[in-house]
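We call the chains A, B, C and D, going by the order they appear; numbering starts again at 1 in every chain.
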């Protein structure tokens, strides 16, 4: 494993060096005016710009990145994007399939609208039957006034991206759950916790991983041995009792936000070991490189050598690792919820929504309740595509 | 553009064009390269990195990495004498690159020695395994034992001491020089008609380099194979080659017998190369680097590719069209407007 | 002196039968059973019809098992129409055929509630698991003295443990003297059940053994409720009073020197703590029936636990010494074998139902899955029986003794509880959580308080002085925010959605109710420590007399008052008079003979007291409960409590 | 080499002691103990139990002793007699409970590992040698789907679908008619059928990451000089690929067995819960929830030991596979 890492890391170092040399050489001779602009760009670009260019060429990764940005925007502006709050209930419209959006009313073209719904219980099958009342169309309104909310808990506002306005039947794009809550709005609100658990959790495990891995990799010897065995111990303890004990040990009086941060910490507490190993492996290889030696000879302190001289040697690799660790954390949150150890209702996360959908009735008769799962799968895929794109872009040999 | 009478020609490269289609653009790696290699003779190929010398070698072996590499024009003809007087002529560029026919040539008729003896062997297989493999690939009838004997014999011949023991050693247990000797043993174990040595001594220190060069010359005398010796080092090529070809950005700039080229370098690029290397008796201060930078590999050159760095360039001429290859002196070809009428 | 015997009960049944008229009459073969004195064996096996399962007949023929006559007690328990379940609930009771395996599923380790209920054999029994018409079960008959203090029991002569050993008063004496009387096993003496008035601090009853089959228990005061306490109260089976002394003596130092237990003690990291070995490993109480450690332990249950062929399942085979027969004299149970498979996720128990892998299921079904069951009935070859749930699954408890002065002042005010009751839109809850299959709480809340009326709720709250509102429109008390923290343990699937809905609905009247799910153990601990401010839990329905009368529900309604009562005033806080009234009613009820008119009258008084005082706020009543039964399973109740149908497992049979 | 293995084996002892210590005390972290769980379970079932009775049980089960006393009793039982203690929840010795389920757990984990390799290795090789081809995209996409789908949900959907569309009841290890049947060929076949679904779901989850690792490594290896050397020898592409770069690229894949096992196990827990596979995973979850601490502690200890042992084996494999380490490299 370690030889593998060292060979790869060498290539990334030598891969970027020629550009610098050539740039210096340039001052020696006269410049050919006809040297094309594109060539010039190519020569003087720093490695980061190169990665960016290569990444932009990776269409799938680019598209994924755009979609991820949209998802995060949705999470940030959840109050505005979702037509209802996460706990709002449509009276009498429990377990309703997604609202159908029409454009024809009484045979003539109309702006997109919805009909009112009538719910009846079929006494034979015990299923609810929803029938549309086709007498009056209710147009879908954009930037419309709706339920009042506090943007980020600060400013009271009423404007929503879309809705049907007051007095009109509700528009529930993903249908409603067993309490009549809008699954679309809940998905958007849920993304807030789920997406940020990924980011924060990974950020914390990143910091832990880099620090501990850095120390282990740079000092080597006994320090390394001790840390490695410690990681062995940590990794070998099955996650479930570990999670359970930690989440059970949380004070019960904590509110949703505190629990959220605690769960983030719990996910991070077990997530750092992988990164620490990567960092260590890279450092073990890199510290033998000439430039680390040179810095040492020049009298730089060890921590300076680690963080100023060695770390940048594989930052790109770390970024890829992070990108790929975020979806793991998102999935981790859903797993915790499944075990009943994660975020607790009435707080909403994708894990909570998935736990709701872990229901045979949903699978067999109300498939729309599974839509939040598509968001989880989609987000994990998007992160993976972006991660792969970044990895390909950061690899100097990939032409 | 024949150097000599053609009856002994082993390799005949005709107007070879190779491009690499990369995302950043197209690299014109070879822009029409022609030359011949005689049986039992040594052709030295000189050039900076990116000049196309390694691509030329790969084209002869049919191992241009594809994608992104692609032969877009020209031919590489191999004249393989068969029993009797007949000659089998094969156009390498037309063969499927991983087909059986080209594979029967690789390693058997033409073999290759690479620059990096460190990485040219698989680290997890013994040297013996890798050398014997070359024998067994081409002589399926040869038993494992015979193949092993042959490998030991060849290792002994290239000067590896205690070959019968060391055949079971792993590459990392060999020094750089020894590894390169093993490489040579592997390339010669099937008694090929030609060996392409792609900068075989670049990674070695000077004394080892001399030993390896000596060894190659001895082996050529013994086995009579042709050698295509690729290097960026004029002095090394001068020591081994019968004739020398100078390449720059995918074009042959000058081609002549070794002595002729060394005595009368014609092309400004060759001259520049000549000046940039120290000689034992030379004056250190007279060393001058070639000015400017190697143009981007993606650049398309309408005129002479050396134009941007040439000290003798003729504006309005050299940058307008590509200079032709002309026989400026007997058996001495050069691609430069300075020698056109 | 009132005498209640099997015979007199059968007479009553016959009358009921006659009264019903149209109901399919019991086959004439039954008639002799009704007429015959209880002391005689009903319809002795005549020989023309097999009276035992083929597998047992084979064993008898092979000489490995004594004949049926020697295995049955002199007076077997006769199961017929209306005996285990009322005829109203099982209108088509019929004697069955032997054979088949009943497949079920459970989702807790080593514990199958459905099998446990099916196997439970209490000392006494009444149809439909009620307390009306209590008769003998494991015990043959009983008499109660006029002052409700002396209980004389007759055991079934010839009754045998599943290993063939006889059951006698020695098993009772051993239980009383060597188990309850041992200070290592029971440092505080006999359990509350055997103390006057079901009071942990009450005087213990005294046991007198008359002969091998007769004994009396005497209490210091009237304790007519003792009957229901050994009927079904708290699901305690015969092991409360009868344990196989012949087995347990081997692990009791009064009979066996500790040295002889050394090997077993050491294997468990014990030195001389024989009582740990005795309780944890050697003795099996009725609720241990599904435990793997109890395989081979002698029981009186219809089936006995046997070693399964693979891990993760429980297997029970018929008990050849089971003491019940049907009206044709055939030894029960009909079904050969019960197999319950452990499903790790409750949700997936239902998947087994859909796949037709389950012949009977009660505990793990869910109302919300009814449409799913209905859709798959034909495919899975089962039917969904909508019966009643024996508990009211969700009640809102406000702990009136929670340590917060403002809270106490508000929550102890009846107007506050009435206001909350008015603010709850029960119809919405019935629609969304109970699929319309529940009713408004007319018994425990009453029409007046159960109506959804936001204006009335607001008016009551304003009256309380909670007029001030915060920025979010939530009511405040004395200028401070007023917020209720409801913690529930998710013991049942509906607690969470109901709590969430109630929380949302209360917002409309400006009450901030925060809902939090905690794990059940923690819930228990916080409850005991008086740390729960409010919670949601079930309460037993009107047929189950304990809850509405307060003894258990006050544990959540007002923990400190409950504690005061439990400890005779040593701990906790003294409750106000209206609560003391309830406890007085409770005592009166425990004193009266279960099922008597006096008892029934007191029960009505208790309900009235509950409606008047709203100690806890019942959300819905008469929640329907789906029960899954194989399409060809017979003698299944069509109504009544699901759990009662479950209880009567020995009369179930597969129609071939 | 031998010295190295012995040294690593010796090091297992303090590590496992540390693990057991951490495990035992971590289990004790949540409030309550097994008796409180037991009482609450009985109460949930409607069995009434007074506070007094609960206290009586607490003392009876020895939960009034401090944690370290119980830890010492437990660990000394393991060390001196190989006795893992008593499982309260199952009313059986812990050793028996685990022994019943360990074989199926190991079988599922290893088979899932092998299955994930069977899927991932061909896909990884193909997509590395055909980088950016349609099939490369497709294969990696499918691999990612396995990685991205929450297994518990997928398991439920597939179990439902298997019954709905194939009429196959996928839960557990046997169909109901084989549940209590003695071993037979038909029962074994029935078990194999039931193992397909868990294997595929667990295997697919780790196949995704294996594909990624293998593809990345192989792309690196393919750029190595020795590949060109071998090609120049006249080797056929397939033979060359398998003998050289694949062999090297697989090393990191195989060397992660020790790290993959905990991941597979974690996945196995969720899937086994949903699909009711009587393996160690659900046992662990239950015992942790019920605070059946000797059982939990022993499972954690055994799994940790297996994991550490697994990583030792993969280190030994790596040493064997790489002669540079095999001869001497290990000493440092």
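Keep this in mind: a contact is a pair of C-beta atoms (placed from the backbone, for glycine too) under 8 Å apart; a residue touches a chain by one contact, two chains touch by 3 or more.
Because the structure is predicted, anything quoted here is derived from the model rather than measured.
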item: Most heavily contacting chain pair (counted by C-beta pairs in contact); value: C-D
item: Chain closest to the assembly centre - both centres taken as Cα means; value: D
item: Chain B and chain D, separation of their C-alpha mean positions in angstrom; value: 54
item: Computed distance of Cα centres, chain C from chain B, in Å; value: 93
item: Approximate Å spacing (C-alpha centroids) for the pair chain A, chain D; value: 26
item: Inter-centroid spacing, chain C versus chain A (mean Cα positions, whole Å); value: 49
item: Where chain A touches two or more other chains at once, by residue number; value: 248, 358, 360, 364
item: Numbers and ranges of chain C residues touching at least 2 other chains; value: 347, 351, 354, 519, 522
item: Per-residue multi-chain contacts in chain B, two or more chains; value: none
item: Footprint of chain C on chain D - complex, ascending; value: 30-32, 36-37, 39-53, 56-57, 59-62, 73-74, 77, 83, 85-86, 88-93, 100-101, 104, 156, 159-160, 163-164, 169, 171-176, 179-183, 272-278, 282-283, 285-287, 289-291
item: Contact set on chain A toward chain D in their complex; value: 1, 3-4, 7-8, 11, 60, 229, 232-233, 235-242, 244-246, 248-249, 327, 331, 334-335, 338-339, 354, 357-358, 360, 363-364, 370, 373, 376-378, 380-381, 384-385, 388, 391, 397-398
item: Touching residues on chain D, where the partner in the complex is chain A; value: 11, 15, 18-19, 22-23, 26-27, 29-31, 137, 140-141, 144-145, 147-150, 152-153, 156-157, 160, 164, 212, 216-217, 219-220, 223, 251-252, 255-256, 259, 262, 265-266, 269-270, 281, 284-285, 288-289, 296, 299-300, 303-305, 307-308, 311, 318, 322, 324
item: Residues of chain B that touch chain D when the two form their complex; value: 61, 63, 98, 100, 103-108, 111-112, 114, 116, 119-125, 130, 133-134, 137-138, 170, 172-173, 183, 186
item: Sites on chain A touched by chain C in the complex; value: 87, 89, 91-92, 94, 121, 124-127, 178-180, 248, 252, 344-346, 358-361, 364-365
